[in-house]
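Read from first to last, the chains carry the letters A, B, C, D, E, F, G and H; within each, the first residue is number 1.
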Amino acid sequence: MSPPAQEPWEPSAELRAVADLDLDRGLRRGYPEAVYCQSKTPEQLKLIAAALREKEVRTLFTRASTEQAAAVLELLPDAGYDPAPGLLWWPAEPPEPSGGLVVVVAAGTSDLPVAREAQLTAEMLGRRTESVVDVGVAGLHRILQHLDLLRSAAVIVVVAGMDGALPSVVAGLVAAPVVAVPTSVGYGAAFAGLAPLLTMLNSCAPGVAVVNIDNGYGAGHLAAQIAAPPPS
Amino acid sequence: MSPPAQEPWEPSAELRAVADLDLDRGLRRGYPEAVYCQSKTPEQLKLIAAALREKEVRTLFTRASTEQAAAVLELLPDAGYDPAPGLLWWPAEPPEPSGGLVVVVAAGTSDLPVAREAQLTAEMLGRRTESVVDVGVAGLHRILQHLDLLRSAAVIVVVAGMDGALPSVVAGLVAAPVVAVPTSVGYGAAFAGLAPLLTMLNSCAPGVAVVNIDNGYGAGHLAAQIAAPPPS
Amino acid sequence: MSPPAQEPWEPSAELRAVADLDLDRGLRRGYPEAVYCQSKTPEQLKLIAAALREKEVRTLFTRASTEQAAAVLELLPDAGYDPAPGLLWWPAEPPEPSGGLVVVVAAGTSDLPVAREAQLTAEMLGRRTESVVDVGVAGLHRILQHLDLLRSAAVIVVVAGMDGALPSVVAGLVAAPVVAVPTSVGYGAAFAGLAPLLTMLNSCAPGVAVVNIDNGYGAGHLAAQIAAPPPS
Amino acid sequence: MSPPAQEPWEPSAELRAVADLDLDRGLRRGYPEAVYCQSKTPEQLKLIAAALREKEVRTLFTRASTEQAAAVLELLPDAGYDPAPGLLWWPAEPPEPSGGLVVVVAAGTSDLPVAREAQLTAEMLGRRTESVVDVGVAGLHRILQHLDLLRSAAVIVVVAGMDGALPSVVAGLVAAPVVAVPTSVGYGAAFAGLAPLLTMLNSCAPGVAVVNIDNGYGAGHLAAQIAAPPPS
Amino acid sequence: MSPPAQEPWEPSAELRAVADLDLDRGLRRGYPEAVYCQSKTPEQLKLIAAALREKEVRTLFTRASTEQAAAVLELLPDAGYDPAPGLLWWPAEPPEPSGGLVVVVAAGTSDLPVAREAQLTAEMLGRRTESVVDVGVAGLHRILQHLDLLRSAAVIVVVAGMDGALPSVVAGLVAAPVVAVPTSVGYGAAFAGLAPLLTMLNSCAPGVAVVNIDNGYGAGHLAAQIAAPPPS
Amino acid sequence: MSPPAQEPWEPSAELRAVADLDLDRGLRRGYPEAVYCQSKTPEQLKLIAAALREKEVRTLFTRASTEQAAAVLELLPDAGYDPAPGLLWWPAEPPEPSGGLVVVVAAGTSDLPVAREAQLTAEMLGRRTESVVDVGVAGLHRILQHLDLLRSAAVIVVVAGMDGALPSVVAGLVAAPVVAVPTSVGYGAAFAGLAPLLTMLNSCAPGVAVVNIDNGYGAGHLAAQIAAPPPS
Amino acid sequence: MSPPAQEPWEPSAELRAVADLDLDRGLRRGYPEAVYCQSKTPEQLKLIAAALREKEVRTLFTRASTEQAAAVLELLPDAGYDPAPGLLWWPAEPPEPSGGLVVVVAAGTSDLPVAREAQLTAEMLGRRTESVVDVGVAGLHRILQHLDLLRSAAVIVVVAGMDGALPSVVAGLVAAPVVAVPTSVGYGAAFAGLAPLLTMLNSCAPGVAVVNIDNGYGAGHLAAQIAAPPPS
Amino acid sequence: MSPPAQEPWEPSAELRAVADLDLDRGLRRGYPEAVYCQSKTPEQLKLIAAALREKEVRTLFTRASTEQAAAVLELLPDAGYDPAPGLLWWPAEPPEPSGGLVVVVAAGTSDLPVAREAQLTAEMLGRRTESVVDVGVAGLHRILQHLDLLRSAAVIVVVAGMDGALPSVVAGLVAAPVVAVPTSVGYGAAFAGLAPLLTMLNSCAPGVAVVNIDNGYGAGHLAAQIAAPPPS
């Protein structure tokens, strides 16, 4: 592999000690950079934010606590931030949408933060989105009344905890692929998301793509790729 | 607890070395004795069968291989046997049915042996039964077309492997309790039934009673108890 | 499935963004609606409570922290609340009891919050209940002295942590079905309820229906269904 | 949901006792029916095959042993069969390809049966496919020499056991989504595929869709959906 | 530690390549040597048996298949062998018994091989033993009728699979310690003995010593140590 | 079983609602009552303490937080309390020692609280004890220098976290039984005590009795039973 | 084994009650003593620090909280301390370096504390070190640009969470052994480091030595041993 | 990375369909190629063997059944083969030894096949080796009598199943690194090697490098790298 053409930008030694930003990822993969904030100090995040601002690279910060977000917002005041999923995006304005529709479905109200992370991510990667909330399989008519919307989607993200049964049901109703996100909603034998994760991996309906527990960012990214406009 | 009144029957020393038959269980609990055959030798089973014949106690033999069944049938030739679940029952004729209807639902064809074990058990404990087959959630219309039957049941046994999502859907459609039986049907992350077991324990619809993986006998027994006629 | 007859009630857009209340569940399944409070914000709960008040739908709120309960009580001041299990019910008065007796047994004092949740739920679903406390199998005479009460029940809920052995013992003593609730009481190899959960799933006595760890609500609901009066 | 328009075809009672074929799935979802063969008897499979032949429905039979395949081939002699993954497809000719290219990558030679199942499935669902074999991350130059092919794909299926590291590497090199299939290749702490499954769920590169262990069929199906031509 | 006084015996190079027999264990710990047969070839076992014969060391061979036992019996024809647990002991005659009584209780008939291994081991280590069979907690009167025998024991070995509840019940009835042996009897969520293992580790009655799943040898050894006569 | 002779003591209704004290346990089993404090409220503990004081029953309170201990000490001011293991005992004076010596060995300093709980429990049950600290297998000479003390014990309690290897080493050095207590000391793949638990269950030296993770109370109790004086 | 020559130093009774310092470890193994601080009280640590100061033994304190570090620093004010990994070392100056180069690679910024612990440990054991940061496999060019440095190392420590794929890639590029450290960085199905642990144990590239999750100390120690100068 | 210089050799299309032999691995990493035989057909192995013969590349075939070995031996008749570990090596003669001594220690006789695989691998990678057998920690004097040999090693491979305690003990005795190989020897709670794997990962002695369960090949390879002569 020839490494992607290196631009003549030189990160500071200080920055190099904490991060090797993959700033060419946008060029190479066509999508924004993402910074995973867990365990990063505010100082580390500021170094990174300063570099991104200098390079003008569209970026998502995932799992940012309010304290971490504050550090980033100091340097990138024109960023957007949603504390429920801890997602911060810069710049605040999404790109012009293209490609197919991404529909994000949350089985229960408690799944909303993860669903919101998926939806925001897909939008920041340039897709149109719609959302449907609180349509678990215990009351089937709730999901069935959205059948037209579901069938108009290029891809459907289904977010569910507990029994995680909704993706199987949705995948059986539509032709588009379903991205299933198990959540840690539940208790006891839900084992922090293990139960819905296994349910989704064993879906009796084909066409279900599973991502990590509570990984709304990953689901939104994958959905945006699936619904991408054909390469011109 | 004063032990139940002992009848003056004395088991042989030979039998006592391998089993202490709970022959009064019928009196105490109102249901037949059951003999779990796993790891029992044909000789042990013959000793047990002889004692049951002598005492004329209605009995189920569960998980009986064809070789084990042959040993029992030597002594109880008028028994019934279904090799798929390995269930043997004696006498072959079920008792006169009473109580409510037990509906047994198998999500897929591969779940049939477990479903059959549940259905036969419920019948041998004196219940009327009906069965519905191959109605997994990937094609919802299949289960929905049986709604009238489901709503006429006093209890519904739902047998499912893989994602184990069917009990949640069924429980959301009816007022009766649902007995959910996970099966070891599936592969990989089904982990021999762990996946549907967890799904069922985390059902988002209340009213789901879970039993052990592949435990058709236990499900049929529980269903028969739930659908029992009121004590007179 | 024809969806249940829609009443001409239109939820607000604000409410629709967080919940699709299954208000017809009472009609469809014959039991109250339940709102699972985990991860819900006080604002979301107030929106829901307001809608329920408007529609006059009997409802349980499960796993409500005192802060969440306060939010609901602002709108439904005539609700009942027990902070130990975090259960809130509205209206405070249970319906007139019908059907069979539900006996709730707690193996140890530490299992009381879960047992209380089961008992309150069964009462709010219209059943008579009795309770028995601290009768673990390490001192058998304690459970044996309640044999008459146990045998008068239509269904027995047994709540136990640690070794989870009590449901097997109780199920061997009675004809009625037993609903077994593992609790997270214990430490070390109890693995937050996994040990009693497995014990109960493997009960050597048939007639044991298992629900999720610490799921007193589910146990009480299932028991109320099992002890329901026969459909007229 | 109004169930899909029922054609006036009436399955025999014999067939209804073992399967409720979802023959409209092609209409509803746009893809062939699939029959999961595990635990099905040859007789059950013949009943199903006869019905499919009568209805002329394109079908895949997954996880068919040679004995099961022989039963199906008796009734559908013009089917194709690959014993390595146990996949049987009817008719033998794939449909005319449309949509984007599906590239299937096998990390090691031992992963070939699963990779082959994915490739055949995608072809039978109407996609063009290419394959790359034995390009594990222990010798990076092997995967890097296929970069042009990888970047021409609409979707890439990556099949890997053991450390399951290849999907992360591939996803970092391309813009298209990656469908990752863990396999049970390996031993010891591979835990029959659990290790690569977890690796893939935790991929540090976004854009990885995970399916069940050894689930080549599911991966091929999902890939075919992702690479489908835009709805006209 | 000064190593135990080495006797002037020199093992052959052939023997040294496969085993370093701890022949002084009898001296050091007061109990016979044991040879674990799993994965050992008949040739390796013969080398070992010959050395033991030469040194006249009382020995148990555990988990010996009939083929492995045949190899040992060639060299030690005066050994005893029970194929159910695969235990071989030499010489066949137990030592003169001393110390307290060891009572071995098997919850079910299927637990007999493990119980037998425990009983034989305790006898070969010099203890008197009694056994009780098929007294699971589903019929409490069965164990209660043996209360006098249980209370006369210096230690009780309780062997149980499935729910593994019997040791908790027995420990609550007596003053002596209980050695609990989980067995792999059961299926599904018994997880090959994990369920009763966890039950026993979480016993609500103190005084329960747990050994490995199916480890009748270890239980018998431990029981013999506990019931040993006081050092003179 | 005839229940033990009931003394004419009548617990208050208030107490009966939270506990059914097994006050005859001392008579029946010969050892003090124990109250497991986890999840009990101070009010519940006071009710229990008052009853115990009235009945003059020697009692241990396990896992008592300082707040819980304060509640008990209000009613039983002459109790002893060690906050490290959270053990409270009443009365403070141990009984006159009898039986054999109990040696408690802690592999590391971090295992001290659990070791202390075992030692105190054994003393309150009437045994002489000695302790050895910080003698993990990474420096073998540390344990070997205590060989004389170890060989003088009637039973040895070995407390170890991390690799849990010490009980195997100790059991190989002595004739007495070893009670092994895994602790949750460690991190990562110690999985809160699972690693040493498994190590101890698989000890290659026979004579190892395992109790629950961090269960110093259970280990001390079991050791006291094993070292009990012979019944007179 | 003759224990190492005992120096005539006598620890105080107070110290002996909490620790048996292996002060000869330096002599015996050639590396400093280490004190694992988890669960140790400040008082216990002060006793230990005083003894070490008296004996002038180079020591590492691992997993020291700031409060614990403060206690040690009171007695050893000339120690070094890094709060991120919680490592304290005394004396602050590393020994003169010898042996080969240790290169420490951190896959992501969040893995830095563990990487730093490994690097500091190797330095205090006498090795030269270099570090490389944020070179995860999602952007391969980042690790490839360090190939010369990697190939100059005697051993490479690779620290990675999430998918843990980096050690496989690095091991495939170099001749030196790789010490792989899984970290608990990640969420959901990372299961606190289990996922990268399994990945590393199943590396398709030979030459990967795995240590415990987050065990930077162990990795640095092992690396220092591997890169040690040949014994003279 | 510039890929290693490609020699002008062109694999056949037939071979390319099953394997992309990393023939330059010897150049790149300095060690022989290895072919993992699991799931490979005899035909695939013959294609690979023919290519290796043509290119004269020293190679190990791991986990080769006797049938697979026969296929390879047809083409490489001058290979060595040991059926116990299933290892085949070509050519049969090891290279001239260099570097330090590798000592391989097997805790029990049942661990011999894995130990043999490690030893043979190290020899074929050019190291001198010695072996020690049956020196488990239950009889400490057995390992202690080999202290001189252990201390003369550059690296020690310790192979152990069951409790897996031996590596901790050995690592505490020597300055050299220890490569620990857990084996699947044992039963019950050994969980096919999980128990010794966890033990080894949690070793209280630093300097323990863990490889996969039963991975003698990996251990021998790693040991050979650690004991390699310094680069000239």
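Definition applied: a residue touches a chain if its C-beta (ideal position, glycine included) is under 8 Å from a C-beta of that chain, and two chains touch if they have at least 3 such contacts.
The structure displayed is predicted, hence computed values, not measured ones.
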Chain-contact steps, minimal, separating chain G from chain D: 1
Work out which chains are contact partners of both chain A and chain F. C, G
State the chain with the largest centre-to-centre distance from chain G, centres being mean CA positions. B
F-G, G-H or D-G checked against A-G; over half of contact pairs coincide for F-G
Cα centroid separation between chain D and chain E, in whole Å? 50
Between chain C and chain D, what is the separation of their C-alpha centroids in Å? 43
Interchain centroid distance [CA atoms averaged], chain D/chain F, Å: 56
Can you tell me which residues of chain B touch two or more of the remaining chains? 1, 108, 138-140, 144, 172-173, 186, 188-190, 194, 197, 201-202, 212-213
Identify every two-chain combination in which the chains touch. A-B, A-C, A-D, A-G, B-C, B-D, B-E, C-E, C-F, D-G, D-H, E-F, E-H, F-G, F-H, G-H
Please output the residues of chain C touching chain A within their complex, sorted ascending. 1, 3-4, 16-22, 25, 36, 38-40, 44, 63, 182, 184, 192-194, 197, 212-215
Residues on chain G engaged by chain H in the complex (per definition of touch): 1, 28-31, 34, 100, 144, 147, 172-177, 179, 197, 201-202, 206-213, 217-218, 221-222, 225-226, 228, 230
Contact set on chain H toward chain E in their complex: 108-110, 112-113, 133-135, 138-142, 144-145, 185-190
The answer for chain D against chain G in the complex is residues 107-108, 136-140, 162-165, 168-169, 171-173, 186, 188-191, 194-196, 198-205
